[in-house]
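Mind having a look at this structure? Questions to follow.
Chain naming follows the written order as A, B, C, D and E, and within any one chain the residues start at number 1.
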Amino acid sequence: MRHYKYLIIGNSAGGIGAAEAIRKTDKEGSMAIISDEEHHVYGRPLISYYLGDEIDYDKIFYRPFDFYDKKKIDAILGKKAVKVDFDRSIVTLDDAEEIEYEKLLLATGGTPFVPPIKGLDKYEHFSFITLDDSLKIRERLSRKKIETAIVLGGGLIGLKAAEALTMRGINVKVVELADRVLSPVLDEQASAIIQDVVESEGVEVITGHTFNEVVGNGGMANGVIMDTGVKIDCGLVIIAIGVRPRIDLVKDSPVKLNRGIVVNKHMETNIPNVYACGDCAEVYDFLSDNFRLTPLWPTAYVGGNIAGHNMAGNAKEYVWGTGMNAVDFFGFPVISAGYINPPEGQEMEVLTKIEPENMTYKKFLIQDNRIMGMIFVNEVDRAGVILGLMRDKVDVSSFKDDLLRIDFGAVHLPIKLREEINTAAV
Amino acid sequence: MLTHLLPEFKIIRDDERCIRCEVCVRQCGFDVHSYDAEEDMLYADENKCVGCQRCAVMCPTNALTIKPHDYEYRPNANWSKEHIRDLNKQAETGGVILTGSGNDKPYRIYWDHLVLNASQVTNPSIDPLREPMELRTYLGRKPDKVEFDNNQVKVDMPAQVMIETPIIFSALSYGAISYQAWKALLEAADEGGTLCNTGEGGWPHELRPGKTRVIAQCASGRFGVDLDYLNSASIVEIKIGQGAKPGIGGHLPGEKVSADVSRTRMIPEGTDAISPAPQHDIYSIEDLSMLIYALKEATHYEKPISVKISAVHNAPAIASGMVRAGADIIALDGLRGGTGAAPKIIRDNVGIPIELALAAVDQRLRNEGIRNQASILVAGGFRNSGDITKAIALGADAVYVGTAALVAMGCTLCQKCYTGICNWGICTQDPYLSKRLNPEIAKRRLVNLIRGWSLEIKEMLGGMGINALESLRGNRLHLRAIGLDQWELDVLGVRGAGD
Amino acid sequence: MGRITLINTSRPENDMNRVKFENGRIRFDADRLFYKDLNFLLRDVLKEHKPEIISIHNVYGQRYIGTNLRQNVKIEIYGTPGNDLGAFMDGPTIEVFGNAQDGCGNTMNSGEIVVHGSAGDITGFAARGGEIFVKDDVGYRVGIHMKEYQGKKPTLVIGGTAQDFLGEYMAGGTLIVFGLYMSEEQRHRADFIGTGMHGGTIYIRGKVEEHQLGKELGKVEMKDDDWALMEEYAYKYAEHFGYNHKQILNRDFVKLVPLSLRPYGKLYAY
Amino acid sequence: MENLSRKQNPYNDGKVIDSCGLFGMMSLKGNTFSGEDAMTAIANMNIRGNGLGGGLAAYGIYPDRPDQYALHIMYENGRGREETEAFLKESFEIVFNEEVPHRDSATGVVNPPLVWRYFVNTLGSIKEEDQDDYVVEKVMFINTKIHDTFVFSSGKNMGVFKGVGFPENIGHYFCLEDYQGYLWTAHARFPTNTQAWWGGAHPFSILDWTVVHNGEISSYGTNKNFLEMYGYFCTMFTDTEVMAYAVDLLIRQHHLPIELMAKVLAAPLWSEIDRMPEDEKEVYTALRQVYAGLLLNGPFTVIIAHQGEMIGLGDRIRLRPLVAGLHKDMLYLSSEEAPMRLVCRDLEYSWIPKGGEPIIGRLETNEVIYQDKPVVVGMDKNANTSSA
Amino acid sequence: MRRVIAKEEVCIGCRLCEIWCQVQHSDTKDIIKAFKKEDKQAVPRVHVEEEGARSFGLQCRNCEEPYCVYSCISGAMYYDEETGTVQHDPEKCVGCWTCIMACHRGAILRDERGERVAAKCDMCTELEVPACVAHCPNEALILVEDDQEEETE
């Protein structure tokens, strides 16, 4: 039986983050990464760039091909972990191999949510989560010229998919049940700007609606029936409503679950030596000071990193994460983090500045002199400074008036913070 | 109103080399350079140029040459360009013409007419690289004798301050010069084993801990003068006059009285800091004595009290009186002494050269048998270690250097100190400009200056076969003069070369 | 030759016979004592005994009393202290039962000087803090170059009148002249009041002609807070000298303030 | 003294700079008293001097010989005395002469010369109104021509006693406690440069005029030139000398009243004159125009005395101190207040005179003339009687 | 670990660091050619942040916890173990700006002149002293080399 000091299930941001952290301290301890995907580790958000032909296939890979060797990691790829025996510290793979571990990291990620829509069982449709999804769509596009595609979901994944398909000359219609795109990550104003941007690039956005049925011919979809009853013709259907934690592996185990795997700030589950991170876990959110799902690449990596440090014996806490998104549509950048609108029942000061002619928009939510949320549209330089202020819970009262400046940056911070920025290693 | 003033400097920009980086634009505090984005050209307003050379030094491609403008009026031996310029300026403003830095007029520089001796055959020169060479000097009043009685040495030794080299930084006040420049002087004095002088600008509190190598000035404005200040210093100096502007007070304009300057001088922010011409508690020699002893009382008789005067006609008599009034140190500041701001007419026309004043004062004090009762510091345009060595031979205990220190820090003697704008960050309180002077770098340059000059002084001493500075002090036999008239030789107490 | 020892002869010898302890106070006889010896002895006594009050008697012209005594002590002086009384002083309270000479409160930093009589020229010169009360007249150039900084703000109260150059170059603080011994028609003596003044306030009770004022200052109306301030100092004055303070407020005051923080801004050709 | 210039001014400075403490006291009723109080008072200010010069002048001290000129002469050697006495015999009728009594035991005096006094009458051929000029001329002769001899006092019924040392040492040396005078002035000198000599001390005198002076006049060169135009020879290179001659010119020769003389030396400012009534304006304008060269510019305080009068005067912007005090018939003038109080513990008034305003004590009228009435100092019992 | 730190109290806002950075990253490495001859001008990776009299050159400070590396979705931002520096591979960058969001110093800016990639200081690892440090006229940029972060234990 193979035995690893460190066993990581999941070969994406969280898993790699952990592996790299472990290797900072423990250069030799045996380590393996298990993934049911066969691919060398790749940048999951890059699948849209690949789909859109914006990057070559080899650029999608997140680390050099000698990564596992150099880090002395056994990559057990294309095999799925199907069972964990926490008493014996053994993971069983889908080929029945049992692998013993000393420390286990569950970085199983998310799984796409596909709603029960009529016809989906009969006609071809795609999710947009994995490299395989991207490869399949590319393969589909290469086989037959498609003029119109329908993307269900006006969130980040849906719009990135729509962008990619548009880049390939396809007419894309995005169907979003909410009354605006990107509603979880942007406010009304920012949503409207982004909707303008994607529409001006040729994407048709249909908000406030969904479709009830996929129709097709011989397994191939050729249209959808909208909730209005109208049929829209299309050659491709992509379902991109969202992801849910992929926790089937531990569903009936002693691992404590909520919506995702429950962890503490050290990324430990309730089982000793078992850690979890990334989309499958409910991780700490410094802003709300509680644990919740933040299915994002940076938080997954950093969470994994913290898990890795703890697994290697360095007690570290994960306090960096909150909801945060940096994304670019057709060369139009947007960054947001934290609250986008004051949550129900909470008083927050809202600072906004909009310049319609430049399509720039800035917004800050402030509570008790602390920034609780930000949105940067089009002008995103130095947005990280704000995230840093949010994370460090900095009292911004002394420079609040400067926040909305287009060039707001480190130079506007109080001296102590500037000194940290200019000289500290952290 | 049309100004009749023509530009003083010409700006030549080599367009082949200009990369439009705009460093010149950003570095000129006088707003001479500007960039025209439409034309992608750099332009210069020569009327504003003061010739400080900052842009030329900073230009990364050496594309700039700044030189005196070559406009000419009809040649006239009486009415020079400068006279015409000054006349126009006054016709246009009705004001007193100000200037900065020391006298730039061609009064005779006696240092350049004095030569030093060297040992040959009859006595050996000394190799300062190998052999001990002492520059240590004690400043302060010396008792007339050491009494020895019954195995007890009785001595009423007044306060003494030791310096490792006879080069002291002149009074340059924080306020006139930037905080950075002052800090550099303070730290360089500390590191160089010498002293710096506060001028009348006070001594920032945060720069006091651990530092004592300071001459704290008590001048007519009494800025920043309190018991802490006086007792933190090594020497307290009463400033009566300054070589660049004998008999004249000073105004630090309100706009230079920043929050920090105000804290240090302990005066309200933004108001003029006026230093009256006289100290209003000193109208007479016995009043000077009163202030000297007030300061001695305030410092428990633990600090030598220096009195600084401009070198003027009666300097010997005045100096004698000062010693009798209780001054432990006589500081003389000559005709070529520097300043941040002085009426040009005063700077260029009042006072006497330091060489003559020094020789006369030293001689007078000796004649009266009181030379030992006070140390003599001299100031006023000392340019190199040769000047200093000659001053020691003429009778000085140590030398104040001001302008030389400023130049070491970057000053190019553009003489615009009084404007509050200094592109080198020295003579300004504008934070955008003052931070151009990195105190660390400036300190290093100053320490290098002291070191270099001290080494040279040792070389010269060695050549004369002297290994302790005190053996040169007042030793005019080691000086000879070239090209001077008899009256000058008489005043200097020096023989002509070959004589 | 045996071991050589060094003896420093500069320190005056203490004559403790001059110091007497009476009812918890210290009584100090300064008769014909040289000022240096007086001040050394005074410092020693204060350092050792830390009295709240010390009275010095037979003072005739000894200078610098109170200079460099940095503690809260009240010094009562009987006689005529010499010049520079309380020069550079930082802390003590001095009460003079007699007149003070020139330079009283010179460059004073904090503390209080109360003179039951007159004071000479340059009283309060360059003072930065503290309070000086003079019952009667003062000499020339009084309160010149007083300044203020943050919490430090000197106040000089003169019961009688002052002579020329009152408040010259004044850069801060408050100068009050009550003119108590003058009739309503009599004008104050001082000419060139506030020449070069660029900070602080001068209050003068009684008549001052326009030509007596320097060019750099102007009269402004007395406001309520000015009157409140006058009342405060009239009260303190009365406390010190046994005067009816309401009597002081029965006549008009002239309030003088600088016209500019930069009196000589236009003097130069830039 | 043939070598007076060199003696007085060994370094050949443009002038000799010194500064000082002053004291003067006078009984307006002519009551006489010893020099003790004046010595005590000036000694109290000896930090204003530096021990390189001190002296006193006393009036009314020779009541037995009131009509003879009393010449006090110092000899630095016997040759001077021989020459001088020969000259005196030619020029005067010497009524009496003696060495000025002194204490050899006195401390604090440096190299005392031989000091002799002669009570003389002018020769009968000299008209009464010319006698003063005659005496001046002879004194000048001795002081400039005869070796190592210096006449430092030449008035009637008065005398100057001075030398190198603190004034109380000098007074003690000359036994001044044994003299009775009604007017005493005293001086503690602070020369800035001279290798002190006895003749350089104050008071400076000519005839019965004496001057003690404090301060340095910046207008010295102008004043000297002006006086030389009127035939005075400034051999001492001191401000004091200039002052004495100026007083002599204005009062003895031009007959100005003392009050106006004061307005020449310490002239009112033009701005003050501009505010005067027309006739006064004309007077003061004329004084300034004619005697521009006698404006004493710069810091000074003087106490000028002559028989029956003591005058205190400071410069017009009062750059040097002077306080005045009154007690019964006594007028005090002093650089500082304390000495007055030291010798008169129950002084009634003291005040700070206005710059340029003379304080004149006058024997014949028993009055003190001064413009600013003094404030009752420190003891104003009536101040709070009328209450609101 | 090689880091460049900034001392704002002596930064004079001359922007020579930007200029020399650009030269260093130009093809010819000759200042005049870099600015006047090269068609595609290099982008300075240091930026002077300026507000009134306050300024400092801001470039990557090589954080101990490089969140830009952690956040990078493409692997373009990476920690180079050989030099101990955070490096950026523009070839791999897709211009998602996550690094900008992650950098709390605001040291990464968009390279708006060239491709849509982040402009990031490379510490001039091939030079003994980075160009910006070497040419800073006032020692406002300082090179710090400390070993505490060395990979070896």
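Operating definition for what follows: a residue touches a chain if its C-beta (ideal position, glycine included) is under 8 Å from a C-beta of that chain, and two chains touch if they have at least 3 such contacts.
This is a predicted model, so every value here is computed, not measured.
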> Counting one step per pair of touching chains, how few steps separate subunit B from subunit D?
Replying inline: 1
>> In terms of touching chains, how many steps apart are subunit A and subunit D, taking the shortest path?
In response: 3
>> Tell me which has more C-beta contacts between its two chains, B-E or A-E.
In response: A-E
> Which chain has its C-alpha centroid at the greatest distance from the C-alpha centroid of subunit B?
Replying inline: A
>> Which chain has its C-alpha centroid farthest away from the centroid of subunit D?
In response: A
>> For subunit C versus subunit E, what separation do you get between their C-alpha means, in angstrom?
In response: 63
>> With centres defined as the mean C-alpha position, give me the subunit A-subunit E separation in Å.
In response: 28
>> Can you work out the whole-Å distance between the CA centroids of subunit C and subunit D?
In response: 33
>> How many angstrom lie between the centres of subunit A and subunit C, each centre taken as the mean Cα position?
In response: 76
> Hey, what residues on subunit C touch two or more of the other chains?
Replying inline: 63, 83, 102
> Which residues belonging to subunit A are in contact with no fewer than two other chains?
Replying inline: none
> Got the subunit B residues that touch at least 2 other chains?
Replying inline: 290, 293
> Could you list each pair of chains that touch, in label order?
Replying inline: A-E, B-C, B-D, B-E, C-D
> Along subunit B, where are the residues that touch subunit C in the complex?
Replying inline: 89-90, 92-98, 151-158, 220-222, 225-227, 230, 251, 253-254, 262-263, 265-268, 270-274, 276, 280-281, 290-291, 293-294, 297-301, 418-419
>> Can you tell me which positions in subunit A touch subunit E when the two form their complex?
In response: 17, 27, 43-46, 49, 54-55, 59-63, 297-298, 301-302, 305, 320, 324-328, 331, 333, 335, 337, 380-385, 387-389, 391-392, 409-412, 418-419, 421-426
> Which subunit E residues qualify as touching subunit B in the complex?
Replying inline: 9-16, 19-20, 31-32, 34-36, 52-54, 135, 137-140
>> Please output the residues of subunit D touching subunit C within their complex, sorted ascending.
In response: 44-45, 47, 271-272, 275, 317-318, 321, 323, 336-339, 341-342, 350-352, 354-355, 372, 375-378, 380, 383-384, 386-388
>> List the residues on subunit E that touch subunit A in their complex, please.
In response: 1, 3, 5-8, 49-51, 54-56, 58, 61-65, 67, 70-71, 73-75, 91-92, 94-106, 108-110, 116, 149, 153
